[in-house]
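Across the two complexes that follow, chain A remains constant while its partner is chain B and subsequently chain C.
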Partner chain A sequence: MVSQSELVKEARENGMELLPLDKDTYELFFGPQHMATENFSIILKMDGHRVVKAIANPGFLHRGFEKLAEFRPWYTNIALLLRICVPEPDVPEAIYSMAVDELMGWEVPERAQWIRTVVLEMARVSSYLFWTMGLGFKLGVYTAGQWAAAYRERLMALFEELTGARVYHIYTIPGGVRRDIPSDKWLRQLKDTVEYIKDKLKDFDNVLFENYITHRRMEGIGVMDKKFALDEGVTGPNLRATGVAADVRKLDPYLFYPELDFEIPVLKEGDALARALVRRFELEQDLYILEQLLEMGPPSGAYKVQDPRLKALPRFKVPAGEAYAHVEATMGDFGAYVVSDGGSKPYRVQIRGPSIAHGIRVLEQLLVGARIADVPVILMSLGNCPPDIDR
Partner chain B sequence: MAKEEVIVQKVLEKAPYAEGKVKRERRIEFKVPADRIREFLMIMKENNFESMMQITVVDWLKDGEFELVYQLWSYTYAVHAFVKTRIPRDLDKARMPTVKDIYPVAETYERDAHDFYGVYFEGNEKMEMPWILDDAEQGLFPHRKDFDWLGYTKRKYKILDRFDEDKDNYVI
Partner chain C sequence: MIMGMKIKVAPEEEVKKRPSFIKPWMSLKYLFKKPVTIKIPYEPTQIAENYRGFHTLNWKTCIGCNMCGQICPARAIEMTWIEGEKRPHPKVDYGRCTFCQFCVDVCPTNALGFVSNYMLTTVWKDEELELFDWVPLPEEKVKKFTDYRHPLAKIEKLEDGKVRYVLRDGETVEFKILGYGLKPPKLQQKKEEKKA
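Presenting the complex of A and B:
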């Protein structure tokens, strides 16, 4: 048995720091190499296996997108800003495009709106499957995680056929979408995929969401109430798990959502399990929305606006003004504030990622008193996505 | 009368020093002097603007001013409010009182604004804590419009030495 002072000495000699803070507590660096934190780090003050204090330490993914966007033409920014959200890159594309549409005063054609809605919903389903994968892995229910990854692959293939890329699609552009739906066969394939994933939800319930392990690990940890959530700017599924029936798709409707019929799942408990179950119910609703959209069929017409100003893209300018657009992403409320001074480049773009609220103050407060093994579970239940904190 | 106009009137009755208007459906805008911002945000919170979405700093270099846009969202009315204020952009004068006691989440947004623009929020004790930028980048405030980004890049990454300093139209 090595004594603590020898351990500290050895660590120092090898350029490592192990910091016993006092008799009872020690400092633990959780991430950014840890699989659960995903390029994000938390500095924990531990007492045995309990967290006494947590400090979120972001910045490992900072690439200065907001500054870079000020140096690039309006249309080029699409290929840049979508990298802010890795699991659903269509969301930053859509909000930036919607803000530019508003500045231009464009009425986006119905067909383009329909395609944008389908793409956003596909992104939501794919992002929830990605999240289910992460949750399965963090809870040790590996089977469900592997299933989710395999089903997501079907959506990736459909995205590839529609946009030419699997992950970063660069598809939604100001004024519409970059190209039309490839064929009716693609729509039939999407319909089959939706039905296929819908059939598999029962399996996910059996293996993951109704599993004893899941309930044992997630029930009653990371609890927040309604007032706390509103004060801390919590949005999306995390807010709905505290009993607030708020969804941007209902409150501030955009694209085709006013014509669609869907429910907002709300739970009252506010713990990690409630947040996970809200996401599970939303996955079902998203599949239902996709079914409705496919039933409706794409409206006829153009898939992007016809404007003489688009003839010469290098000289494309946007009138001065500012616009804010936001959509309901799987992480929460994703918004873009775009300011134009009438030039060929944006004057200022700010992307509001939901994790800037969830991943810093909320996380720091929810972790206090948690066990070290619960830290990844709380992180996962919040749906924390570090790239939209760092930008 | 539309609900947006009713909200604007209700707020302006309590805060006659502000200017307010309806931008479009579900978007309203207020212009407030910098020293009354705390008072005004308290009124907004009482009027069911429960959540703060972000604080945007826009650097208007020609005017020598920062525009701070406090963006609030009301779940009750489903209305997004821009609360705008202007402060000088000089480093020693770009100071604002914190609003973290009104909207606790503002603490994070204020740290972000300080790291990238150098706006100092008095009363926010996490102002000096490291945020996203590295130690070596502290105090550079890279999102300011007059930040010498080409010079900084050349100093940091030696590979750019082959570029000619007199030319200024590089597209990176």
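Presenting the complex of A and C:
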């Protein structure tokens, strides 16, 4: 038998740190293979089935997007930056495009703005459905999870027809969008899909959100108070669940949002259940927004800026300057800061992801004292997006 | 709070839900309904008409300007000099391609195009992996396969740089690759001789 001190010594010689644990606590590696964590790992110090300390261990998805973006032409970066947010890749596309539009001083045509708003809202709905799937699986309500995946499939088919791809759309570009709306049939299909999902919300309520088990599992775990959330820079539904009425779509309106009528859900509890219910209400509101947009109808005109500089895309240059644009994603406030030195490549692209605010320090705090079975639920209720943390 | 519109907050009663014992059982009604899933590969999938899949290239109109090579975010495009063609043609490596199709957007003569065929799966043979590094063929040769798979069955490498593309219906395309890069291979050789 090798004694513990020898093991620690040997580990140290090989450049590793073996943490000595006393006889009551043990160390548990949660992820990155665990389905709930999505390529994100947490090192848990456990006492029985209670978490004593949690250490977030991100970095499995680090691909250096921000540095890579400095070596690629302006337009090409769209195909790269959207990979930062897998469930809603339209958000990084939109913020980058909006920032470049500002630098160019372009007035984006109304039709392009309308299409961008529709695409962003569709992305929000599909992201919330994806999140519902995850929550259902983590709570053991597999029925609701499978439904959400099936309904999301309808939106994916619509995306496929509009953009030509299912997950990574590469659709919103500086100056507008890449393709026009295929036909009036597509708009009718979208309307049908919105109505279809709206009908099915009642089923989600029955099975998942009004389920006795869900309430018992999620009530009072992972409680976050208002001051703590504001100090840590938490945004989005997680902040709204602590009692702060903040939404980028209302505070700093962009695209078509000033003309739309929708409500912001705010709850005071700040626990996992409140976060889930806020998201549930927002899904309903997003469907309502889509309905309003479809009623408005697409404005006539071009779907792209007409500019002679766009003819030679690889040598397309952006005037020197800096711009920041942000939108409300399902995880929170998603922003892009773009700096140009007048060249054919960006000088710097910085992405402000929402998950980094609630994915590391806040998560570590919320997990203390939780049961091992609640760890995936808390993780899911925060709506973590690991690629956005690692970037 | 500082700027923007007035925030409309939803009433708390609408956001909150009451727990219920009986309601979850309502989902049992779906036991008697048809499944929404498709049995692949026994049932066909419907792919959108403009799905971004494999490339096509009109060899007559391609002017070899390398715009596609410059815009490619994954650097999947390499210019290839072919005997009998005045200008180089792009060779696309699907091991790198992200199917963003920016190359199709920038093509000044619309020589590059795409079809909705997209399947990159192979049966675990090394020879099949070579298929996905090719000079795209004209649209009519790629589009005739409607099962979404790659049009080539085999790439035969003959002597002195000759290549034979065998399509899946037996049609063959034969050409000789002189070299790669932006400059004509003969000029490159001369330069190297000068340096030596």
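Annotations for the structure displayed:
Everything below uses one rule, namely that the second predicted complex is superposed on the first by the 371 of 391 C-alpha atoms of A that agree within 3 Å, B and C clash if a C-alpha of one lies under 4 Å from a C-alpha of the other, contacts with A are read in each partner's own complex, and residues count from 1 in each chain.
As a working rule, a contact is a pair of C-beta atoms (placed from the backbone, for glycine too) under 8 Å apart; a residue touches a chain by one contact, two chains touch by 3 or more.
Because the structure is a prediction, the values reported are computed rather than measured.
In the superposed model, A:T143 lies in contact with chain C only, and not with chain B. In the superposed pair of complexes, A:L251 makes contact with chain B and with chain C alike. In the superposition on chain A, A:G243 contacts neither chain B nor chain C. By the document's definition of touching, of the two partners only chain C reaches A:P182; chain B does not. Legend: residue contacts after superposition of the two complexes on their common chain; A:A165 is shown touching chain C, with no touch to chain B. Within the superposed three-chain model, A:Q350 lies in touch with chain B and out of touch with chain C [touch as defined at top]. For the contact definition in use here, the residues of chain A common to its chain B contact set and its chain C contact set are 246, 251-252.
Of all the residues in chain A, the ones that touch chain B in their complex are 57-59, 62, 64, 66-67, 71, 230-233, 235, 244, 246, 251-252, 322, 324, 326, 333, 335, 337, 339, 347-348, 350, 352, 356-357, 360-361, 389-390.
Those residues of chain A that touch chain C in the complex are listed here as 72-73, 75-80, 141, 143, 150, 153, 157, 160-161, 164-165, 168, 170, 178-179, 182, 203, 205-207, 209-216, 245-247, 250-253, 258, 261-267, 277-278, 280-281, 285, 312-315.
Across the interface of their complex, chain A is touched by residues 26-27, 50-54, 56, 58-59, 69, 71, 73, 75, 78, 80, 82, 103-105, 107-109, 112, 116, 130-134, 142-143, 149, 171-172 of chain B.
On chain C, the positions that touch chain A within their shared complex are 1-10, 12, 14-21, 23-24, 26-27, 30, 36-37, 47-52, 67, 70-74, 98-102, 105-106.
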